[in-house]
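Both complexes shown next keep chain A, but they swap its partner, so chain B is in the first and chain C is in the second.
Showing the complex of A and B:
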């Protein structure tokens, strides 16, 4: 017993010592003497743990689920029930087509705020799909993906300010090709190299781009640009601008899924997978490694730029905030959570990571407004949910580490990547 | 003041900033040299060092009053110990179990650790900038010696002196001690190293600890130099230091120092010519230029690919 638990106890003790000052003490600058003192702040630490309590609850639930699954094996029993086994092929490949009219009809019965939220989800899905091509399929890490997103958005904003007529449907395809070109130029010097050079070059690109647009006069600096209404999604044929935005995003998303899935199952996709599995071996059987990597990277940059145009046309306002590092990490977390190398997984990850914090933010008011819920949920818990949006990034970090340790292939990861990413 | 001495001052600023980047870049390059992986949480370990030092100073000033040299020296020591602890925890949590997994896995978990640490400090310590206690840093920042027409502060001398001492020590450690031999053997081939009795796990852990302690020194120096402690400082400096490591050829220790110096000087000259807000742009331009001309970095050598 003691030998089994000792490493865990030592680890927890070590972490408790390392986090002790930051959690239990508070800095107090002393301005008269220009020195620094600390005060004892146990309340601070308790509040921190209290705010994390929903997470502990979630962890407990997951642990209980895993334990009961090991004990009773319900997940295998569920998968083997005829209803799921027989229809598995149906909802694996073609469900997207069945979902299409359903999703599109959503535009006509959702509220304006709902449409806005789901258009945002669609944009993040597009970004996750694009990033999945490089990170999931080809195995190249890109850390500055939001740079291309910002590039598309700013290309649109600047062009519509310069020309009198420059609507979104003109900007979208143009941004697609220009973004691809930028990706190609950026990838050219660093994709010839092995290793993670692409990660740092794209990260540097995104940072430099953000600093550039934040300091130039023509991009409005930190204040950003307000787009002309003629260029953005506006009402057309009896539909509101929000509805148009939703329908366009959904159609672009379907197109992207279709194209990416066709590519994934074509010789190009196989070449990408081969490069991900083993670059040297792929090169030795004649895969044009550099060209294939460049194609994957430019394609994903192009998709991000097109998504940037959609965002600009939807929001009507663009600021340097669109291409922060957090944005890049968020999209990366979506791809990893959903499943590396799986387009549907990337979309699932995007939906989860965008919608869960949104709904968590709404949760306290929902609880307050409903008499039944406010009777059930204890007040300290609803208070904790209120702070949960502040804790979003902390949780992102935890989720990324835990996913890599216990489920490196992601929620819907392809089976091929699972064997490869597990420690051999 | 003549423009010539302004230029010299800018250059001295650049060299001392470069020295700080070099201390952080060493952590990146050593871990890469041994594991072949980027340690993305290294910048956050640097940031932890900054805050640990200020906390330690606060505790000591409550415990036995404001003794500048004693508290500052002990604060630096505490910062090194804390950063080393966080570096070790990072290795144990994010790297050890994923060492044989796909290259993206440890990288992703390290990004997770980095995000977690940033927002841990953001939520528990301070959302705003914290100033370094001036009572302690004033002695170093406001006193200066006059050398050849320019003023060099004690802090700049301390940064340069410490960096030179540490580089020399590191060179000795890696080339002339048993540990250094074991480290180089581990870097070449982990399996073979373990077969001849080298404790590979411990060597790798010690590499993380060493790099983290150096980052803590850099953290304390930067927080005194800029008088700003903030939760995302590690990200900014880490990005620069990592760029420096790539400039010099990642995995190569003298290369990291050279790259850091080039970067520091580039920044200083950019500040002089265009203003400090353009620093990131010029850094990126230098990085792209070097990658175009010398893809493996300035001092990086071509290594054969292994299947």
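Showing the complex of A and C:
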């Protein structure tokens, strides 16, 4: 056991000791007699730890993958095999386009719930891509990214009140530019701040926005707004609304990847990297630091606002829940998990952090429905999966700790980020 | 070529440069000397457009020099900042290429070759990350990066900072070579003796004002300079 694990283990142990008395308690409300019986149930605490076991299994899996890679170097070996080496530069730039027809055709054979799930994945991928521009490429920590997402969604919803016809395809591009404008205006005073201060100001913006829309009459407060069906993704030309939502999200995603990758490999992208690496040096070689930061900030805000419209058009309902702090942190976690500064990494992180909990939630019913699986999987494990979504945040925290220890550059991160993380 | 006449500049309520006058000719190395806080770095930052001029005039090639940092750089005045400030996580080659950010030809092979003849060590280490170089090598990289911008005037802020005497001597040799190739240099240094040996002319400034001026040899011989900066 290496010494770097010690603080985390001590933390977990301390938490277990502190919360143990509470976990022993079992409360049973009786609504007919309006009473509450409190019983001590030691096994309840054990069940709690049993529920956590899949998380440990997942952590073990990641560790094993990483350890085997370090021991045997399979990822490097794969990149050096003749089949992969020669074509590496080809897929790196274009694999997304090759995947496009495959992804789009998915709209016609997926179930309604599957389409819904993958549209959500697409929206999170858009958000992660956008946040990656500021956090990963330019090195500006933004903690209130969901504020821009909420702005887009509420712009779309509120416009319904003023215009009788305001569909998603009109609102989306408009939200993109307006969101960019909001990002620009917020960026003007904020980008003088660095590091933690910028993070706090953006966090403040998002929270202020959420509280504001939660208390205004025109936004319906906490109740939210139900959108006109005509404005949302509805059935058209023989296709269901869900199919259109999926196709639109996928196309916007491809467009965003293309735009961002082209920018990243242009002088603009190099300017962003230069600012991330060393601001003074960037200025000394002639990078217009303030303009480039503003561009990164407003582009990422614009993408979030467009994603907000897509979300509204898909869900048909918008409430202040869309831009909570948790949402911002979740997107940030996706970017960090996938690999700071890498667009494909951000998308991978988004897919993993959204899909893994979703699949784990579906697992218990899958196990119950299959006689073969239910014979193999011990009952305590299948019970554990049922509660896993409750521990989503615990899972994220643990994944982050493990990532920072073993793969600080993220799943698809660059060597540069790794050296920085190791040095600091 | 570059002239400053009665330039005032500073930060907020503090005025650092109080009527500074200075000139750099087309083929010169000019040394700017002074104690800590005299305003040497501020002079360079003011020329570079980072610190705004409050009053007085800066002219460059006969025309007034105006605008922000990138506009000044576009006119060929390049500042190699104090403390090197290379990009630690870019390779040596990437660091050098970043120097020509504003030029249409980003990766100028002839210019790269020229820089590699000044600093053969950089050619050997072109694929190494900037942060893994030694202090002296980082300083060479910073000068090389500044040269990639094809400057018409190179301003060096404390190139000897924190370096071993042997390395300092080497860097000053190269500064002389660069100057002979036709780049005028404005050099700020704490190491007055070394600086005055290679400089044609020098200025000594005290609290933002001109104190002494003369050729390098004159200043080296001056009692005032010897007492104040050479520790004799």
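Assume the second predicted complex is superposed on the first by the 346 of 424 C-alpha atoms of A that agree within 3 Å, B and C clash if a C-alpha of one lies under 4 Å from a C-alpha of the other, contacts with A are read in each partner's own complex, and residues count from 1 in each chain.
Simple rule for what comes next: a contact is a pair of C-beta atoms (placed from the backbone, for glycine too) under 8 Å apart; a residue touches a chain by one contact, two chains touch by 3 or more.
Bear in mind that the values here come from a model prediction, so they are computed numbers and not experimental data.
Of the two partner chains placed by superposition, only chain C is touched by A:271; chain B is not. Judged by the touch definition given at the top, the superposed model places A:281 against both chain B and chain C.
Of the two partner chains placed by superposition, only chain B is touched by A:139; chain C is not.
In the superposition on chain A, A:199 makes contact with chain B only, not with chain C. By the touch criterion stated above, A:398 is placed in contact with chain B alone, chain C being left untouched.
Residue overlap on chain A between its contacts with chain B in one complex and with chain C in the other: 278, 280-281, 417, 420, 423. The touching residues of chain A, when paired with chain C in their complex, are 267, 270-271, 273-274, 277-278, 280-281, 283-288, 416-417, 419-420, 423.
On chain B, the positions that touch chain A within their shared complex are 36, 38, 51-52, 54-59, 61-62, 66, 82, 85-86, 89, 92-94, 97-109, 111-126, 130-131, 133-136, 138, 235, 239, 242-243, 246, 250, 277-278, 280-281, 283-285, 287-288, 291-292, 295-296, 305-307.
Listed in rising order, the residues of chain A touching chain B in the complex are 11, 14-15, 17-19, 21-23, 25, 27-30, 33-38, 44-45, 48, 135, 139, 141, 143, 189-190, 192-197, 199-201, 203-205, 207-208, 211-212, 214-215, 278-281, 325, 329, 332, 336, 340, 390-391, 393-394, 396-401, 403-405, 408, 417, 420-424. Within the complex formed with chain A, the chain C residues making contact are 50, 69-70, 73-74, 78-81, 85-90, 98-102, 106, 129, 131, 145-146, 149.
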